[in-house]
Amino acid sequence: MDKIDQTDEPTRRTSYGQRRKDRIDALAAASIDEEPGISLIRSAWKRLRRNPIFLVGLAITVAFVVLAAIAPWIAPWDVTASPLLDKVRPQTNPVPGPEPGHLLGGDDRGRDLFSRLLVGSRQTLVVGVFATLFGLLGGLTLGTIAGALGGWVDSLVMRIVDVLLSVPSLLLAFTVASLAREPSQWTLIIAIAIVQVPIFARLLRGAMLAQRSSDHVLAARSLGVRPWAIVFRHMLPNAMGPVIVQATLSLAVAIIDAAALSFLGLGNPDQRQPEWGQMLGLAQRYISEAPHLAFYPAGCIIVVALGFTLMGESLREALDPKSRR
Amino acid sequence: MSLRRNPATLTAAVLAAATLASCADSQRDDGDGDGGGGSDDGTFIFGAAGAPEMFDPFYATDGETFRVTRQMFEGLVGIKPGTAEVVPELATEWTPNDDGTEWTFTLRDDVTFHDGEAFNAEAVCYNFDRMFDQNEAGQTAGEYWGYVMGAFSNDAENSLYQGCEAAGEFEAVISISGPTSGFPTMLSLESLSMQSPKALEEGDANGIAAEGEGFSFPAYADAPVGTGPFTFGEYDEANGTITLARNDDYWGDAAQTSELVFRVIPDESTRRQELEAGSINGYDLPNPVDWAGLESDGNSVEVRDPFNILYLGLNPEANPALKDLNVRKALYHALNRDQLVSTQLPEGAAVATQFMPDTVSGYNTTIEPYAYDPDEAKRLLAEAGAEDLELTFAYPTEVSRPYMPDPEKIYEALRTDLEAVGITVNVKTASWNGGYLDNVTAGKYDAYILGWTGDYDSPFNFIGTFFGNLKENDFGTEAYPWGKTLADDLRAADAVVDDAERGAAFETLNQQIMDEYLPGLPISHSPPALVVGPGVDGVVPSPLTAEEFDTVTVGGE
Amino acid sequence: MTQQTHRPSQFGGGSAEPLLSVRDLRVTFQRHGEEAFHAVDGVSFDVRPGQTVGLVGESGCGKSVTSLAIMGLLPDRGNHVEGTAVFDGEDLLTLSRSAMRDRRGSDIAMIFQDPLSSLNPVVTIGRQVTEVMERHQGLSRKEATPKAADLLERVGIPDPKARLANYPHQLSGGMRQRALIAMALACNPRLLIADEPTTALDVTIQAQILALLKELVVDTGTALVMITHDLGVVAGLCDEVNVLYGGKVVERGGRHGLFKNPRHPYTVGLLNSIPRLDAVRGEKLSPVPGSVADNLPWTSACAFAPRCSNAIAPCTQETPQWDGDEVVGFRCFNPMGGPR
Amino acid sequence: MCVVVVVLSMLVFGWLRSLPGGPVSAMLGERQTPERRAALEAALGLDQPLPVQYAKFMERAVHGNFGVSTKVLPGEDALDVFLSRLPATIELSFLAMLLAIALGIPLGYIAARRQGSYVDTGAVIFSLVGVAVPVFFTAFLLKYSFAVEWNLLPVSGRQSTGVDATRVTGMFVLDGILTREWDASWDALKHLILPSVALATIPFAVIFRITRASVLDVLDEDYVRTAEAKGLTSRVIRGRHVLRNAMLPVTTTIGLQVGGLLAGAVLTESVFSFRGVGDALATAFREKDYPVLQVLILAAAVIYVLVNLLVDIAYAVIDPRIRTR
C-alpha cells in the first residue's frame, strides 16, 4: 500500500491543474494490482457485499434492467395507442387523470401514462447503454492506441483528449446534438457518447501505461508474445475493472444528459416510442396544469441515475487501492 | 365593409370612415371614465416572450418589437380595435384618383410628435422618402417595405410606391404604380408608421450598416420618436425591462396608465407563474392548456378571432406521386380534422375549408370541408395506384406559432391519421431556425406543416403569398399543369380595383383551389389568446395580435 | 500467561521506579463483520528513566501498534485496547483525551519512521517546531523561534536560522529526521518513543541519526523506547531488548545476554538475518522463512510454529508460556542453546 | 493561449456556418423565400466562401469588433453583449460557488472525520442524489415550491420592476450597496437566491466529495499523526495540518467547476429567466445569433483558461512545494 501511495505522490504534485484527470488516472492505477483479475474482483465483491450504498444501487439497477427487459409484456396498454384520446380537451382536460385501467391516467395524446413509463425504461436503457458503449468503443480505440504505442502517438491523442476533457461535458453534448441536421435518437446517443470518449480514452491509456511496465506484461514480452496479443490478452482484460466502474457512472451521466438534451428540445423527435428524457421534455408544456406528467419521468430518471451512481461510486471505492485499509 | 378603394363610392367611404372614427372615439370614451390627466394611474406590466430588436419599427421584423413600437407610433391608417378593419388614424380620410394610382390623404391637424415637432404633410412625405431611400443594408433590413412595395429608390420602376407630395399643410398625395388590394391597407403596417423627421434626421435614422452577420443600427433606433399615446422611456437591458411613459400631449384620449412596462420572460411557464405572483399584469399567447386554470385563478383570457391558417403543405417535386389530384384528395379525406381541432387545439379553433380565415375579404362561405372518410381515402389511393404511398412528412421543433401552439402534437395526430389509411410516414424534423424553413423552401420534404398569420386584411396576403409566385413557392406549383394559370389569376384578381369584383374573383379562386388544384391541405384556424391579471380592464384583443395598451386600466385591489 | 511481579532492573538506567510500566497490553482490531484480530496480545514491559528499551520484530508483529496504543494515537474506531500503561503513576490508557493531549509532546514524544511524510509539507520547519512549544510551554511564536533555532542546532542542522523558514521538501532526508527529532525534544520529554527512526534513511545517515539519538539520550537522561526490525540497531543502543512476535513478547533480555545466547528460535532467525561484514563470501543470509500470514492462533498453539525450524509436537497444540521473569525470559517449548 | 483561442475561433466559426438554418431563417420566418433569403445573405456577406468570411471576421476582430448581434441585442457588438451580460452571471456563479464551498467543505470535513457514520453515509447519499437530479429539474422544483406555491421568493428575473436602482457595475446586489440603495440590493439578492441554490448543486456535490476524499487521505498522512503526537490542540491540527493540506485538491476542483457552472448557468438562467450569459447563450442558440455565439464560446474558453491559471497561482500560494521549487 505504501508503495502505491508513493507512486501516486509525484502525480499529485506536478499536475496540480488537473484534478479531473487525476481522478481518472487514480482509477486507472487501480488496475495494477499485485494479483490482477479474478481475485481483485473477488476482494472487491467481499467489501461490496456489506456496503449498503452499493446494495441499494444494485437493487435499483437490477430492478430497472429487469423492468426494461419485460416492459412490453407487462405494460397494460399499447404505448402508441391513444385509448384516452376522447377525453383529451386542450383546455378543460389536457391530460386525462387516473381512472380504472389507467393507473396514472394518460398523457396529452390520451396514451396510457403508466404503460409509457414502463416501456420508456427500455428506450432510456438503450440510450444509456449505447451512449456508454459508443463512448467506450471510441475511448477504447484511442486509449489502446495511445497506451499501447506510446511516444508521439500517445502525446497527440492525449492532447486531443485533454482539450475535449476541458470543455464542459453538457456544453459539448449540447453542441454536437444541435449540429445534427436531422435529430433522432441516434444523434442524441452519439452526442452523449462523444462526451464519454475522452474519459474512457484517458482511463484506458492510463491503465495501459501502468501495465506496460508491470511484471506480467514484461514476462509475456520476454516470452516473445506478439505485441497486439499482449495488448488484447494481457493488458486490456486487466484494465477492465476501472472501465466497468466508469461505465457504470457513465450510464447515470448518459441518462441525465439525455434528459437535459431532451429538455432543450434536442432529443428524439419521434415521440411514439416513449423515453423518459423526452417525456420530461414534452411535459414542460403542462407543467402548470399537470405537473405530474413531468414528475413521474423525472422521478424515474433520478432514481435510476442514482442507482447507477451509487453502484458506480461504491465500486470505485472498492477498487481504489487507497480506500482498502 | 370593404368600401374605400372605389372612386365611385368615394363619398360613402369618407362618411363611413368618419363614422368608424367616431365609433373608435366613442369606444375610447367608454373606457375613459375615471382616467386621464398627468396623475399617476399605475403601471401596466406586460410579460414579453423576447426582447425587442430595437425601436425603429421600419427595420423591425418580429412581433415582440412591434408590440412595443405599436404603443408609441401610429400610421396614416389604423386598424379598428378588435377587428382587422382599416380605419382612419393620422389621416382622417383618403381618396384615390380614377385609376387608383394617386391617393390623397387628409391629415389630422392636431398632432405633434413626442419631441414637439408638428405632424404635417411634409413630415409624411419625409417619412415615405426616408423609407424609400435606403442603402443596401437598409433595403434588406426594411423587410416589410420590401415585402409590400417590392423595391426601393434604386429600383424605382419596380416599386409600388412612386412618390409623395405635400399638396397642402395637411394634405399628402402618394403615388403608386398600379392598383392593388393591399393599398392603402398596408399603411396600417407597424413598419410604415410615422416618425419625427427631426429625430430621424438627428439620429441618422437611415445610417444602418451590415456588419458581420448582423445590422448595426443608428442612434435613432434606441431613441424613437412617434405620435402615439406612449413615449419611449428607457430600455434596461440588464434587467430586461422596457419602460414607456404616458404621452400627456396625445391628440386623442390620453393613455389610462401612466407607465407601460414590458418585461422579457422567455419561458412560457415562468410568465404564467409571474402573472400569478402578481409581478406582471399580462402576457401574450398563454398555453391553451393553461387557459382554464388561468381563468379560474381570476385572470381573464382574451381570445382573439383567428386570423391565420395552418396547412399541410405538399410538394409534388419531392414526391411525384403527389402530382395526382386523387392522391392529394385521399390524403385530405384521411385526416380527422374535427378530432384534431377538438383534442389538440384551443377552444375557438375551427376546421379550415380554404387557405384563409373567414375574416378576410374574398373568403368563400360556400365551400364545404372535405369529410373525414378513411375508406374513401383508401379507395382514392387504390384508384391512383398509390396504395404503398410513402411520405416524408416533417414538422418543426423549438417553435410555437399562433396557428400551431404545439407542432409536435398536431403532427402526431396527422401522422396517425395518415398511417391509418396505409401510408408509410417517414418522420423528419428540424428546428424552426435550424433548417426547417430552409428544407421546406428547398423542397426537401414531401409533406410538412406550416402556416401563416395575416399581416392585414387582404386575400392576396394569404393565397397570393402561397401560390402567387410561380417560381418560388413552398407548394411546388410549377410542377402542376395549372400552376401558372393559378399564379396569373391571383395577380389579376389582386389588381381589380373594385372591391366587390375583387372579392368575387378571390372567392372563385378559393373554390378552384380547393376543388381542382388542392396544392396543399388547409387544416385549421387557431385563436391566439392574451391573458391579463385580475383588475386589468380595457384590453381589446385584436385578430392581428396588434393590441394597443392605451385603453388598459390596472385596477387596484 | 504468567503474571509478572515487579523487580528492579539489573540492566543500566539505575534502579529507579519504572517511568513507564506496560502491563498486559492488548489491542484488538475489529472491523464491522470481520473476524477480530489481536495485533497486540498481552505485552508487558518496563522503561526506567534514562534507560533505552528496544521493541524488535518483523512488520506486523505489533511493535508499532504497541507504541501507538501507549501514545493514544490509534484510530478512534475499529479497535479495542485493554491492559495498563502506567506513566508516572497515571494509566495513559484511561486518561481523558485532553489530559493525554497535554502529555503528548511534552512528557512523551515520538519520532516516526518516514521523516518526509511525517512532516507537514505546507508548513515551515520553524513553525512545526515552535508550535509544540507554543502549545506546551505557553510561549509566543516570537519567544519560541530562537529556541527552535537552538534546538535545530542541537540536533546538528547547519545554519539553523535559515532552515526555520524552509519547507520539508527543501531539506535532505537526514536533515528532515533531525528536524523531527528536534520537534520531539522541544519540550524536554521524559520518554521518547522512536518508531523505526532510521529505516527510511541511507545507511550512512542511519549511523549519524543513531549516534545523535544515543548522544541526546545520554545528555538529557530521557528514556527511549526504540522500535525497530533491525537487531543491528538495537545492538548499539538498547539496554533491554523485547522481541515481539504475533503480538506477544517471545523473548526478553539484556542486550549482551540476548545477543550472546538467544533462546527463542525467532530471535535466532532475526540475528541470522543481519548482514555481517565478517561473513564468508557466498554464504547466504538466512532470513526467517515464511511470513506472518502463516501464523497460528496463540490461543491453541505457538504462532511461530509453522515457520519454526525447531518446532516440536506441543508447538501446534498448546500455548507456550512465559519462561522467565520481567527482566529475562522467553516463550518457547523447545528453546535454542542452553540455559543462561 | 492565443494560439488556442485562434484555433478555437476557427473551429467555432466553421462549425456555426455548417449548421442548417441560421440567422437569416430566424429573421425571415414564414416570409422566407429562396429569393429573399439570397438577398439577405448577400447583404450580410453570408454568401461568400467560408475562408473569406473568416478572414473578414478576423480582420474585424483584430480591431476589437466581433460582429453585431442579430437577435440577443441586435445592433450591439457581440463582445459588448457578452460584457453587458457578464456581471449577472458573475453575481450568480459567485453566490452559487460561495454556497457550494460554504456547505461542501465543512460537510466534507465532518463526513470524513466520521467516516462510516450515519452522518457520513447520509451526506454521501445526499451528494449523489445531487448528482442524479438534473439541474434544470432542481431549478424547477425550487421555483415551483418556494416561488409559486409558498410565494416566499420572486419567480424570475433579476430585480422587480419599479425598484429604483442605479446601475454601476451591473451586479445588482453590489450596485445597491455602492449606491446605498439598500432596497434595490435586497430585492436583487432575493432574486438571486433560488437560481444560485439550484446552480450550487453542481459544484456542491463535487466539492463535498473531493473534500471528503481529500480529508480522508490527509487524515491518514503521517504528519497528522506527528501533529497528534505533539499533543497539539484539535483546532490547530484541523486548521494547520488537516485542512491546509486537504484544500490543495479542493482548490483545483473549484477551478474546474467553473466550466460546469457555465453549462449549468445555461439551464438555470433559462428556468429563472435570469438575464445572464447563460440566458444569452440559450437565446443565441435558439435564434442563431452567430456573432454572439462565437464570442460567448470563445469567452467561455478564455474564462476557463484564466480561472485555471488563477487556480494554479492560488495553488502555488498555498502549496510551498510548488512555490519554492
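Read from first to last, the chains carry the letters A, B, C and D; within each, the first residue is number 1.
The working rule: contacts are C-beta pairs under 8 Å (C-beta built on N, C-alpha and C of every residue); 3 or more make two chains touch, one makes a residue touch a chain.
Bear in mind the structure is a predicted one, so any value in this text is a computation, not a measurement.
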A-B or B-D - the one linked by more C-beta pairs in contact: B-D
Centroid-based (C-alpha) most distant chain relative to subunit B: C
Computed distance of Cα centres, subunit D from subunit B, in Å: 40
Approximate Å spacing (C-alpha centroids) for the pair subunit B, subunit C: 92
Gap in Å, rounded to a whole number, between the CA centres of subunit B and subunit A: 48
Separation of subunit A from subunit D, taking each centre as the mean of its C-alpha atoms, in whole Å: 24
Junction residues of subunit D, two or more chains touched: 19-20, 248, 282, 319, 321
Residues of subunit B whose C-beta touches two or more other chains: 273, 398, 430-431, 434-435
Multi-chain contact sites of subunit A, meaning residues that touch two or more partners: 178, 181, 287
Contact footprint of subunit A on subunit D as seen in their complex: 15, 18-20, 121, 124-125, 128-129, 131-137, 140, 144, 210, 216-217, 220, 248-249, 252-253, 255-256, 259-260, 262-264, 266-267, 282, 285, 300, 304, 308, 311-312, 315, 319, 321-322
Partner subunit D, residues of subunit A touching it in the complex: 12-13, 16-20, 22, 52-53, 166-171, 174-175, 178-179, 181, 252, 256, 259-260, 263-264, 280, 287, 291, 294, 298, 301-303, 305-306, 309-310, 313, 322-323, 325
Of subunit D, residues touching subunit C in the complex: 116, 221-223, 225-233, 236, 240-241, 244-245, 248, 318-321, 324
Touching residues on subunit D, where the partner in the complex is subunit B: 19-23, 25-37, 39-40, 43-46, 56-57, 60, 65-75, 77-78, 84, 87-88, 143, 147-148, 151, 154-162, 167, 170, 172, 270-273, 275, 279, 282-283, 286-291
Interface residues, subunit A side, partner subunit B - complex: 82, 85-86, 88-92, 94, 108-110, 178, 181-183, 265, 269-272, 282, 284-290
